[in-house]
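In what comes next, chain A is part of two complexes: it sits with chain B in the first one and with chain C in the second one.
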Partner chain A sequence: MEQRCIGTSVPRVDALEKVTGEARYVADLSFPGMLHAKLLRSPHAHARIVRIEKAAAAAMPGVHAVATGKDLPWWVGECIRDQRPMAVETARFAGEPVAAVVASSEDAALAALEAIRVDYEPLPAVLDARAALAPGAPLVHPDLGTYHVLPGFRPSPGTNVFHHYFVKAGDVTKGLARAAVVVEQEYEFPHLMHTALENHGCLARYTAGGRLEVHAGAQSPFTVRNVVAEAFGLPRHRVSVRGGYLGGGFGGKSDATVEPLTCALARLCPGRWVRLILDREESFVGSVLGRGFRGRYRYGLTRRGRLVAADIDLLMAGGAYSWTAVNILPCAGHNGIGPYFVPDLEIHARGLYTNTPPVGAYRGYGHPDSQFMAERHMDLCARAVGMDPVAFRLKNLLGKSGKKNPLGQRVDSSAGDLEGCIKLVAQDIGMATSPEGIRAREAEPSAVSRPAVAVGRGLACLMKSPGQATNAFTTVVLKFNEDGTVHVISAVSEMGQGVHTAIAQIAADLIEIPVEKVYVPQGTDTDYSPYDWQTVASRATWMQGRAIAAAWEKARKELRATAAKAFGVPVAKVDYRRGTLFVRGDESRALPLEKVCHGYVFPDGHAVGGPVLVAGHYVPHATYADEQTGRGELATSWTFGCQGAEVEVDLRTGEVTVLRFSSAIDVGRAVNPELAKAQVIGAVVFGLGGALTETVTWGPRGEIRNASMTDYKVPTPEDVRGIDFRVHLLETPVPGDPVGSRCLAEHGAVAVAPAIANAVADATGVDFFDVPLAAERVFLALQARAAQAPSPKPPRKAKGAR
Partner chain B sequence: MSRHLVTLTVNGAPVTREVEAHRTLLEVLRDGLDLIGAKEGCGAGECGACTVLLDGMPVRACLVLAVEADGCAVATIEGLAAARGPDPIQQAFIDAGATQCGYCIPGFVLAARALLDRRPDPTDDDIVRACGGHLCRCTGYHTLFEAVRLAARRRAAG
Partner chain C sequence: MLRPFDYHRPRTLDEACALGATLADAAYLAGGTDLLVKIRDGKQRARNVIDLKRVAGLGRVRRDGDHLVIGALCTITDLLHAEEVHAEPGLAVLRDAGVVFGCEEIRHRATVCGNVAHASPGAEYGSPMFVLEADCVLHGPAGERTIPVADFYRGPGRSALGPGEILKALRVPIAPRSARSAYLRRSRVRGMDLAGLNLALLVLDATEPARRRVRLAMGAVAGTPIRAPEVEALLSGAPITRDRLEQAKGALSAGISPRPTSLRASPEYKKAMVAHLLEAGLERLLEPFPEEVMAEASP
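Entry: the complex of A and B
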């Protein structure tokens, strides 16, 4: 059989542009007469804006406009419209823009900013979810009751709660009462920053004809279009948003961030392009943050280690505006238990307004946040009933049982071989259930003993479904060219994940032509590109694959119809294979694709058929959550997997070194195995940052204290050089799917933190219930334990500790 | 604001520009010469995205004042590829699957170029050191290390 294109590791279609520096990103664009915008930001987490003196700035050379929030009277937001392009009357987080200058150069704009005077009256601020929930807490949005809110979202006016998602099954009170063992613990996954290498940026212009044109460094040009069109009351066809390569997204560019403000400023200078590119510090304080969850977990178990009840309460410090955070809550909520079956459960996930920068999507969208807690809790529960953590997980797996997940969906083994994933990872890191496996592993060099170093192993399962709107359509256009080559036109953004390569492969595979004959144009223009909801949620390759299959179905039909005319036979007699149309049963009568796909020309010159141009779309079946139970088709495709780590903890310094990190994920079918593996390893390292070194730290006034790449510690080359990464891609077929791939992108980041924390607990006997496990925190925890127990048991598995 | 005449040899061609004293080399390359291959990730010497070669040595163009570079030879990513295609180091980055979003890549390619010019047969320590101070948020670095190793092997093989 002919080699198929899906499943081969063809080189990335965009690699050459990227290694030569040809690839253009939003900050690389410039236009004649372009103006530059700079922002003045609030130094206070919460303050009334008493007065802004801007006349002096407006009179400075090169200045075209100076604006305050009052000059931009629009509302921004989707599900809950609670934000303005710039603060009006109240600044709700340190870093919120309060004034802007548009000038002929960046220098002129910066100089004019210096001339603006703002008088603030500081207000009491809430920086933490628990403080925001406390009775009598200062209100971040006293006018919450007046906002435009879509159905299904439940802000509570008079409080800081902007949404409360819950899901229930069985009777958790009874379940817990019946349980022989109850394990309770609180956890926290603090705020993180995406830190994509490329900062946020946007260019916008109002044309003389009243159209709004935007170049966005955004993952989802159509979402940007919707948000700004809604904000300014423009019909969609009067707004065009163009997107191109992104220098990393990770969720931070998935909603609108700087775009509404840039567009609002462009309205003040009609006809001119206005460019707003944030600097690094501004990307930290003035875009969106990630995570920010606390959770209380209470599980009931039988003495023999079966989970019987789970009571989970999650709180998110969602920041000053909620519309980019609100949909994370259901994902964190219904995934908050991990891939295990629990008959009686209740999960609550509440989002709180806080006087911090807004939270937005962050690689994994709620899943890593709550699964950190769930997977740590699984280790605690295993310990409580004296079971091995691997055996305990295997005993409670959801998929094996064919039982229902919290949403009420039946999950069986066709959803992925999670058991296989767990076993592979356990084997890799030396948690194999068989003694021979462990001995074999320990004989390897990485586990060799060193003084005062403890080695430990831990694993955690992961599961993820795309969190998306119920009508989150994707569309694709197949445009056949005169020579039989094909344009596959799609609005999904290429931000490093390799989706354009995967799309080319899927199209080539389905159309049965070499991948070299397929071209996926880079860049989206909402005027010309077919609709795609958002490039988020690891959904693009999966959704596009199905849309391409639908489009090809139509194209094939058209090609056969044209060929039938050419052959003078009924359509039913025409078939297509590998770039050739032929008469069934008489393959000597055949026409190559290129003779048919732009119409067929008879010897006398007359033409039939026409250039084939077809669209296909896809959306999975999804529903809203049921009001009473929180159940429903909120998850439309699952990807399951397991991740595990072997770590070394230096007992003198607290430093955690990852020796080996293994990931096994059931991807259905790997479209491009090398790209998929690279994506997993990249996500693991991204996750290691959040597990070991990264956290947003806050100053006394609620300002971010570490808003630089030196102080916010993302993994460096030195940090990861010694890690032995293992990646297994399992391929359990997806029934009835034309491509067979499952979602894969964020997954490598989902279970990293719990795997590391479980391994550190295994190594040292010290439990961490939050991240990051930075050396100083581990050191202090080791010290604290030593102080508490003067003659402690030697840490488990400590090798040569004196 | 004092202005100064600065003469550079950029990718082999002489260029003279009048610049203000506070302009960085990165600003002059990107805004003045339209060489946008060098990226700004931090503007503060923390990420390596703006790396160019100054007389063959990798520097952070966001930290170098244009006047400091007066009289120097500057190599940017645009100068590496020949008319017929990518140079061997760029090809190694393609073949090793080292690019994802691509924003950090010009910096890594130039760092690799400087390393291999100095040490044709680098150890892993050399490679990690040469990548030190360069951040990549996408790849997890291992494919980047592999790209440099591959480039070195290919150079050695001629």
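Entry: the complex of A and C
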């Protein structure tokens, strides 16, 4: 294969549909006789539901059904089946649905909700991970021991621990004892919300024939199908899930969230479509949250700055139900030291049930969570041994030496040029190169005297592997048309990331036809689409590329067989190149693809072969973690990179302004460089939100106080337009891969927070061990430090202070 | 979700007032950017919404001698397009507040009178109207009355508007050209956000320290926008040296006790930031600043 389209920035295949408003999303769907569902949510973080009075609501005009948890006696959950579609007897977080109304209009449903009376008996709640772990803590799931659990997961009945992942290498106790320097610190990455432009929604209908039909705004229609089929005990072929465009997912739509409940409600009104669309405020409690990690890091070093031991303890406040939060733990765990070699290590990652909304996938899936801590810790360690943070990282790098990562996998230079990434970023932000001469900005004359600002630089490395099930297959179907055009049918969701464009490019190059001849139909229907586990984990382009290659192998074989008949030669003599089948050694005997791919018709009219329709699939080799060591093939592909920031801190207000943000990632092969760069910048901006302004603010009773765009502060164009974004895509070939691309999507969000926090520490001398570095927090920290030291040294690199 | 309501579109002021005074759970609608949000959030029960946009004579913005008259239908964008707001240094405070207001779409919808009528303590046009000492022209079933803006605000979300009364216009005195004014705020992001706190400054006779009068008002630090008379006195009538500035900053911080439950800024931060905004504002308006040199030169 010759790469002609891969590596070029062809325009997005979905652009026109989206900018013209033609693209349709789940909330746009409407069917005759459709009913609307609205939910009543618990105001308590933990409470016994004593009584629900629903008769008055049921009698109201337009109301078709009023349901409580008891009416929906099914179990749902992906890894641990620990949830009901709606709370039964116990509400486990503020915002959990306790009753639902299905009515002929949203207004009627809302009016009826107000007529429902619920009596609660509040119970003691656990609102954070440490409280949940404490001996004698109230149990969120007293019946944990009775739940159905998938292999590989380890809930501990009688506690709030729903999973404990650990990985060990060497002997950490000895390693720490031998270390000349030990650096210990606690960190926190609080809860975040995805705030995708499109809120969560689902439409479901239980047909007269007993089939369940679902329209879902989901990243993973097949996962939705499997979760609801299992919940209701339906065979897979009696459930069809359709998915279309998503207005953003960021992981928040990869778990089944509103779908099981919508389906359960549809069962109460057979024959009718039931529509549930959350509003913005509900999305905060009605879908999943992200992050919610604490960690204690203890590293041992030699005096000359070599890492010798790492003891890491991570806790996740996973919320009231485990969903796929379970799977985040191994990712956060085995990635918890970042791309460095440490001979003696022990990493524990425990997920705790808490009386808060469930945590699910959130761009980065555990990696940014623990790597924030790891990369802050690297700076602390460098300082402890008096080393430059760049030199310290380079000294301890995993990659070049071919040493083993915590999982026991050997990582060598073919995994990516991390050293190259670090050097590019360091150069961009002016670290490690000469500090003078970096900032033309400083020389600019300012009209008014400038407020006191401090400038600082920081960088952080990133590494990421897809966190997925061991059998997370992807499949693709190639359907050749009469004119030689090709449908590439896949179930990966286009949620803004541009994956359909990348799929078209890969297929075009593999089949050696112009990309204009390839069509990637939008939307998934589990009745017709080939299986794909989930559009998550930055995996879709990478996995699909390999599946397309497998499918094309089969198609080529079939095309050659048909052509052989047409030419009247043995198959072995037929070859294919650039849309043409020909007899090897006699290229004058050739047939264009379109004469063969729908069967060949002889001059007398009889036909041979047939319309080519082939499927290809791919799954990388993966295993469960070893019970004793936690090691195993948990990571099936690695992407390494580095990110760095140059920031300015206004010492009078605490405001952090990002001047420059540089990312360098070894992507193997950038299928579409412009889309790849846009993806990285988008992810950086996403990461900046969590680093600087976004955080879920909890009230004392476990309620979210800022569940709206008014007070959950996502960066806006005004906040990022002044930033000098730099993106470097390195392309170290992936051995033996037909396309050569590594995973790339979430990566741009992985090291943003530590890069920013390291830069702020560099600028001000104040260390933050959590995020966000909101102006107020930075200001108060600066003040606190000034109060501690009566005559503080002026902040490093302060300028313009009067 | 937006709850259903009846929609009325009166043509005259009296018709509007009559509807407002008689209909149950009635609310006036101008831009709707506060009202519809409150109805949607269930914070206001409005069974009857009375749209003011077709009422004759409510007007947008015009000059009336030495006053700027901001009519009930004047949007933020209208105000930003008014010549006076750019030509009169004493009205720069109105421009500054408009520029940071919401976003382009909101500025096209939201009205200045709606902003004041809503009586939110941190709203953009509260503190500017306080330093400008604007008057509120109220039209009600019993006729028209004019009250100072400081009497209009009664508490968070509470105003002097009686049943059926409409805020017909804000009458803003235009200070002589020797005045300077500015509006500053702190928000959590640079893009659309509600102010964590704000500060409006009007300096009369700005370049003559001996005659100078400083007015300042703050938003989002108390239940209504508030002035700080002692601090104003400290800063008026003499050069503002670094010492005086520090004294003023200290007094300003000490004089406020914001509620601790705000999601936008803690009391601690607000106390520090009013002082910062004061200094930043004076720095913007006075040259040189601080005025040590002038203090030495004066007898």
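Quick note on the criterion: the second predicted complex is superposed on the first by the 778 of 802 C-alpha atoms of A that agree within 3 Å, B and C clash if a C-alpha of one lies under 4 Å from a C-alpha of the other, contacts with A are read in each partner's own complex, and residues count from 1 in each chain.
Here is the rule we use: a contact is a pair of C-beta atoms (placed from the backbone, for glycine too) under 8 Å apart; a residue touches a chain by one contact, two chains touch by 3 or more.
Just so we're clear, the structure is a prediction, and the values are computed from it rather than from any experiment.
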Touched partner set for A:A775, first chain B, second chain C, both or neither: second
Touching partner for A:K403 - first (chain B), second (chain C), both, neither: neither
More chain A residues in contact [chain B versus chain C]: B
Which superposed partner A:Q783 touches (first chain B, second chain C, both, neither): second
Partner chain in contact with A:R652 - chain B first, chain C second, else both or neither: second
Partner chain in contact with A:D279 - chain B first, chain C second, else both or neither: both
Which superposed partner A:T195 touches (first chain B, second chain C, both, neither): first
Which of chain B and chain C A:T710 touches, first, second, both or neither: both
Partner chain(s) touched by A:E718 [first = chain B, second = chain C, both, neither]: both
Chain B and chain C contact sites that coincide on chain A, given as residue numbers: 279, 710, 714-718
Touching residues on chain C, where the partner in the complex is chain A: 1, 3-4, 186, 188-194, 196, 263-266, 268-269, 272-273, 276, 280, 283-284
Interface residues, chain B side, partner chain A - complex: 30, 36-44, 46-47, 49, 76-78, 80-81, 86, 90-91, 93-95, 97, 99-106, 109, 124, 128, 131-145
Chain B contact footprint on chain A (complex, rising order): 9, 11-12, 14-25, 27-28, 194-199, 245-250, 279-280, 495-498, 674-675, 678-679, 681-686, 708-710, 714-718, 720-721, 725
Touching residues on chain A, where the partner in the complex is chain C: 106-107, 110, 279, 448-449, 451, 652-653, 693, 697, 705-706, 710-711, 713-719, 774-776, 779-780, 783
